Amino acid sequence: ADTIKFGVAGAHSGDLASYGLPTVNAAKIVIEKVNANGGINGKMVELLVEDDVCKPEVATNTATKLVSEGVNVVLGHICSGATKAALPIYKNAGVLVMSPSATNPDLTQSGEYPNFARTIAPDDAQAKVDVEFALNTLGYTKIAVVHDKGDYGKGFAEFAKKFLEDSGKAEVVLFEGVTPGAVDYSAIVQKIKQSGAEAVMFGGYHPEASKIIGMMRKKRLKVDFISDDGVKDNTFIKVAGKDSEGAYASGPKDTTKNPLSIQAVEEHKKMFGTDPGAFFENAYSATLAMLNAIDKADSTDLDALKKALQTEKVDTPIGNIYFDEKGDAIGVGFSVYQVKNGEFVEL
Amino acid sequence: MFSLKTLRTGVLISLWFVFLTFPLMVIKVDPLERIIQWRWKNALLVGIGTFLIYLVVQYLNYRKEHQPPAKVEDTKDQVSFIHKFIADPIQRKLLFGGLLVIAAIFPFVVSTYQTNIMITALMYVVLGLGLNIVVGMAGLLDLGFVAFYAVGAYSYALLNHHFGLGFWEVLPIGGGLAAIAGILLGFPVLRLRGDYLAIVTLGFGEIIRLVLENWSEFSKGPSGISNISRPGFLGMELSLEGSILYMYYIMIAFMIFTIFVVNRLQDSRLGRAWIALREDEIACQAMGIDKQKTKLAAFSLGAFWAGLMGVIFAAKTTFINPASFTFLESAIILSIVVLGGMGSIVGVIIGALVLILLPEYLRALSEYRMLAFGAILVAMMIFRPQGMIATVRRTYRFQKK
Amino acid sequence: MLNLENVQAGYGNILALKNVSLNIQEGEIITLIGANGAGKSTTLMTISGVVTCRSGKILFQDKEIQKKSSDDIVKMGICQVPEGRHIFPQLTVKENLDMGAFLRNDKAEIKKDMDYVFSLFPILAERRNQDGGTLSGGEQQMLAMSRALMARPQLLLLDEPSMGLAPLVIKQIFEIIKQINKENNTTIFLVEQNANQALHIADRGYVIENGEITLTGPAKDLLSNQEVQKAYLGI
Amino acid sequence: MSNPILQVSGLTMDFGGIRALNKLDLDVHAGEIVALIGPNGAGKTTFFNCVTGIYTPTAGDVLMTRPGDKKPISLKGLKPNYVTQKGLARTFQNIRLFSKMTVLENVMIGRHCRTKAFILGAVLRNASTRREEQQIAEMSYSLLEKVKLADLANELAENLSYGAQRRLEIARALATEPHLLLLDEPAAGMNPQETQALIELIREISSDGQAILLIEHDMKLVMALSDRIYVMDYGKKIAEGNPEQIRTNPEVIKAYLGEDVDA
Amino acid sequence: MDYFIELFCSGLSRGAIYALIALGYTMVYGIIGLINFAHGEIYMIGAFTSFIVATVLSILGFPLLAIVALSGVAAAVWASAYGYTIEKIAYKPLRHAPRLSPLISAIGMSIFLQNYVLLAQTSDFLPFPELIPDFEFMEPIAHIVGSSDIVIFITTAVVMAVLTYVIKFTRIGKAMRATAQDRTMAMLVGINVNNIISATFIIGSALAAIGGLLIASHIGQINFYIGFLAGIKAFTAAVLGGIGSIPGAVLGSFILGLTESFATGYVSSDYEDVFAFSLLVLILLFKPSGLLGKAETQKV
């Protein structure tokens, strides 16, 4: 082939589009830059963007379509469910898939998907970081665990609950899911209050997080809020405003100060006129990592690419990373942030 | 052709749309950076676009009005052309034979991707035919059809996961469980009419989905069930292409079976009772028809097909989670039935092919895909309010005595 | 007062009125008779603008009305008691009557008219707070008639007003028709299966067959016309 | 004398404050044509609705004795479809046909309660189902011949003229093989000629041994057909007798017929 | 007991939110018998419009009161314009079509509008400016009910009263009821049915827009998808209360809100919707035409 076919798959329409579209933008930015510099090993990179609406059944069609178009590597999919459904098809065709956002632990840990890698920490890893922080640094003994019933949020929450209970240091006083998109969360907030929790640990994304924290502050409930990297997003601070002050969220290390990260955000603003959305940096990094691997391996063969991913470190907005043999990124140190004066500050 | 007056109206309409879309299309704000972006170009685009669309519509109307007025019989013929065509046994055999041959060689002339989406389309044909029993024939507006689909899919996924049961073993179980679910839903809601029924079925669909989502111990919750086995062929494990091919033929067989059954039902004592029930419940009862039994039969049969397709669905994607069974799915299946032509088998088939293949072929439009899909849905309804193919009732011949 | 010139109208592919021309003078009672499905109701609906007039002209007081919307036609003073009664099922009897007077503003006069129709049909007065939909067939027919009277039309189109009524009431209905024609100078266009009685009170009549006017003349002539007698009077 | 086919006693029906039926007694014997007349709103249709299970009467009883039965069975409170199954069929004052079905299919629906095939039969189309279908179609067709609609068998019901629709309702009701046929204003909306044809049709049905109870405002039809007439007003029976007695009954004349009846 | 009261108030405020959308819904629903799936999108568009206008005005430095008033008016105007246009494009041509055809058209419209806003604006969540400030006198009970709850509650009550009055006693209200029950006859008594239907859409859409503004300000965020769930809930509430009944829509909304709130509080929010829908089924079993809906009077 005279071009490298770079697929991007994820939710680009429907209710989850806001998680998928930033990924497309990230790929566009990076690839435009790469092509402007003469491509990779003399080959131009061609972008193939396909929507899967985050539905497994559509994802299989999307994957078959990409494969039949001869895709070499795929950035995506966005949701773990869709990813799981699509992976066997890519595996069959020997295509490397790297997701910026699919966090289900099984994807890497089960060993079923050798062609998969990701630039985001799995649910359990994050839960561990958050739980340790809550217990050891903050010293809480009563924690309410709340999630958004989604794949990611509930996965995170279940691990958090397990780790909390296993630690024997704290009691999970509440474990419940809220309905995403519901117009009002005051009942669950009253329940949190009633439970006597000292902190809420939330698994899910920033829209729900900001609604819950907003409602807690409205109800004059002053308990701490600890969450995951679905929440560690500037949109959270924008939407929740002053209510977000003091909230904790885990995420990859100090990305905001990383020059690459600052640069990526600037590029997005230049090209699209807006701030980037969720998982933009993960997607940007994944694109860099995959292109780097192709460059170093000088091939798009799956085994060669995997080897390159595991050996060649690459500088990305989320840090200097490489991948373990299961596909999880190494070097994405995780830390906990707190919102201070309208900014996430690493603790 | 375009008089000054039409042009003036066109300009006015364009201006109206410019006004209408003004805040959303032209202004974009960033509340934190406190930036206002004025995208005047969009207003211009909307104006010109509307005007062009208006001209096209006018032109089409003009053509329609100035065509030599179709003779009364002519138009009637057109409506049921397909039905007329297949009414003749020889033509019918030819047509079906031809279609069968095309269906058989289809996967060998197109890519795996095309075959794959054709499988999906065929699944929706069967789903549409199933819902057609409930909505098209019996006239019960069901907005929660997807619940039965979910029952089938989870039956296979869970039985396969926990007990290693195979596709063919679970197929009847999945269908049966869905049918039972149909009866369970049917019982309490028999008294409800029209939109009251619609909302309860919608609720039922949501309840099933929410239970699957929340009852993690049972269904693995939102993270779903993966690695569901594909159907084995004589005990062999098939390659991916092989199993897609196999799946395709299974679906062809299924579709033929479904058409066969639904066709027979339509012209049976039960089928007539359904249609009568749809037309007038009171008269129906006065004719001695047991309303409850007849409705339950419709519900459970419709659900049965959905259950079967659920099993196939799980086997095809090898992964399922509750996100696949949302209200939108029910809405799409319902659209298939209505768009195709309520109660018409041919109509439902065409409706399913159009509605499922359309978004796939609209992929070229990338982010405008769903926008176009919505617009086309509206346009098709306006263009063919009765659905694409009208139903025809069976005619009988008798010797004059 | 009302002129139909070569009117064509229909439903979808069916052309129900092929070529209808007729005229009605102010103050007359005109009846239109014809077999089932001949196009009588369609004629009335076309005059009222509910069925679109595909070609030809309809003139009311020398103004073309075939392109006007139904409500404008009603505003000009043409009112109809449609076939099948069309009672608003969930409005009470009184509200149904109020709807008849929808375009009027003279409260006092409306009150008077309401008392008047109640005196015509006392059973309606008894049922005034009952939902229209639960009335008996004949009661609904009376209500439909009363509702049209509430509009005080200049031209009243009546589609089978005697259907489903008791013999005593039928007589009364025809009396009322004559009476409003005389007292209010309301012009009446009457469609009836009961051709005999209709022709007895009418000034002139038209016969419609398969969407075309085939015969017209003074009511007395039609009554004695042999073909009419055979086909419509059951003699 | 044997038990009457239909024996109604003390039938009462209240709608909120309105007593639409007030302790009504009525019976119909085999082979009879009985008419039920009365002013508008007297409660005639309500009477039909109570008998056929569409309303549940407030009080009173509805008994039916089928030919061959020793003891009467009560129809009170039965659902409409069971009433029909027991052998009581009706037509409606406001025509209620299945408008999107063909004329023949409308009649075939009437056969529903006398046949059995269900899902399995429909799908397998085994010999007995085929036989049953054949019989349904043939019997329905012969009923259409009886009501002179055979030529229109494959038309949609909604395309029929008014008079034809009324006749179709009768054929549909007959298809349920009733012991007693209830007709609610069968001649409404018909012209004199059609009414005449209807009179003959009803005679013919009656001469097949069918008992008939009818509601009608067309006195010509009532007087020509009825063996006996019940007259009701305000939910009560005010007179009962043969046509001659009724025609001359001053109370009936005052409440219903008017002075100079031309029937 | 405190907890009970807290949950009760939560339920009421949630109910009031549903009611604000359901009122417009039930009007449109009542008059053309259409489950107008695009109503939720009108609500969303109303919220978006008020978001844009309010932000522009606040950047230009207008005072809060002016911002609230102007963005409210703008939202109502544009939402009405959308409602009006949608009816003309997607529903009016289908007046004589089979009952389900407009339903599909509505679903198509809803998909179209969502993606239209997604493309014209953004897929992201946006912070909605706080248009309802915290009132000081509310401070002592702020932990139970907030200022925006009260404003929404009062708005709902006022709107319900006004609408009930309009429908029961005014000319246009009577015309609406007549049109809803028998369109042909409505024409024959001199009602301009097209205008009445348009008017209904305009009023319903304006209400949705007011709802959009208040609710978005209460929640503090919007995106293109907020109309969907809100629409479904409003639909449920409207049916629960009885189709076409104004007080019914409000009652239905409160019952729905309270059920969800108590289900969350005493059982688990995992199943709040399951409880809500189960209650719906239960109520409809005993009242097949909703709580305040008139039983279908169909005389045979």
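Here the chain labels run A, B, C, D and E in written order, and each chain numbers its own residues starting at 1.
Simple rule for what comes next: a contact is a pair of C-beta atoms (placed from the backbone, for glycine too) under 8 Å apart; a residue touches a chain by one contact, two chains touch by 3 or more.
For reference, the UniProt names are B = Branched-chain amino acid transport system permease protein; C = Amino acid/amide ABC transporter ATP-binding protein 2, HAAT family; D = Branched-chain amino acid transport system ATP-binding protein.
On a predicted model such as this, the values are computed, not experimentally measured, just so you know.
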Contact distance in steps, from subunit D to subunit E: 1
Comparison of A-B and B-E (more C-beta pairs in contact): B-E
Chain nearest the overall Cα centroid: B
Cα-centroid distance, subunit B relative to subunit C, in whole angstrom: 46
Subunit C-subunit D separation of Cα centroids, rounded to whole Å: 30
Whole-Å separation of chain centres (CA-atom averages), subunit A against subunit E: 35
Geometric centre distance via CA averages, subunit E-subunit C, whole Å: 42
Multi-chain contact residues (two or more partners), subunit D: 45, 54, 92-94, 96
Residues of subunit A touching at least two other chains: 13, 21, 149, 177, 238, 274
Residues of subunit B whose C-beta touches two or more other chains: 31-32, 214, 282, 367, 370
Complex contact set, residues of subunit A against subunit B: 12-14, 21, 49-51, 54-57, 59-61, 64-65, 67-68, 79-81, 84-85, 88-89, 92, 104, 106, 112, 149-151, 154-155, 158, 177, 238, 273-275
Sites on subunit C touched by subunit D in the complex: 35-37, 84, 123, 127, 130, 134-139, 141-142, 160, 163-171, 193, 195-196, 231-234
Residues of subunit B that touch subunit E when the two form their complex: 16-17, 19-25, 27-29, 31-32, 34-36, 42, 135, 141, 188-189, 191-193, 195-196, 198-200, 202-204, 206-207, 210-211, 214, 282, 327, 331, 334-335, 338-339, 342, 367-368, 370-371, 373-378, 381-382, 385-387
In the complex with subunit E, residue positions of subunit C that touch it: 48-50, 69-71, 74-75, 79-80, 82, 86-91, 95, 98-100, 102-103, 131, 133-135, 147, 151
Residues on subunit E engaged by subunit A in the complex (per definition of touch): 3, 6-7, 9-11, 13-14, 17-18, 115, 118, 122-127, 130, 142-144, 146, 215, 218-221, 223, 225-226, 228-230, 233, 260-262, 264-265, 268-270, 272-273
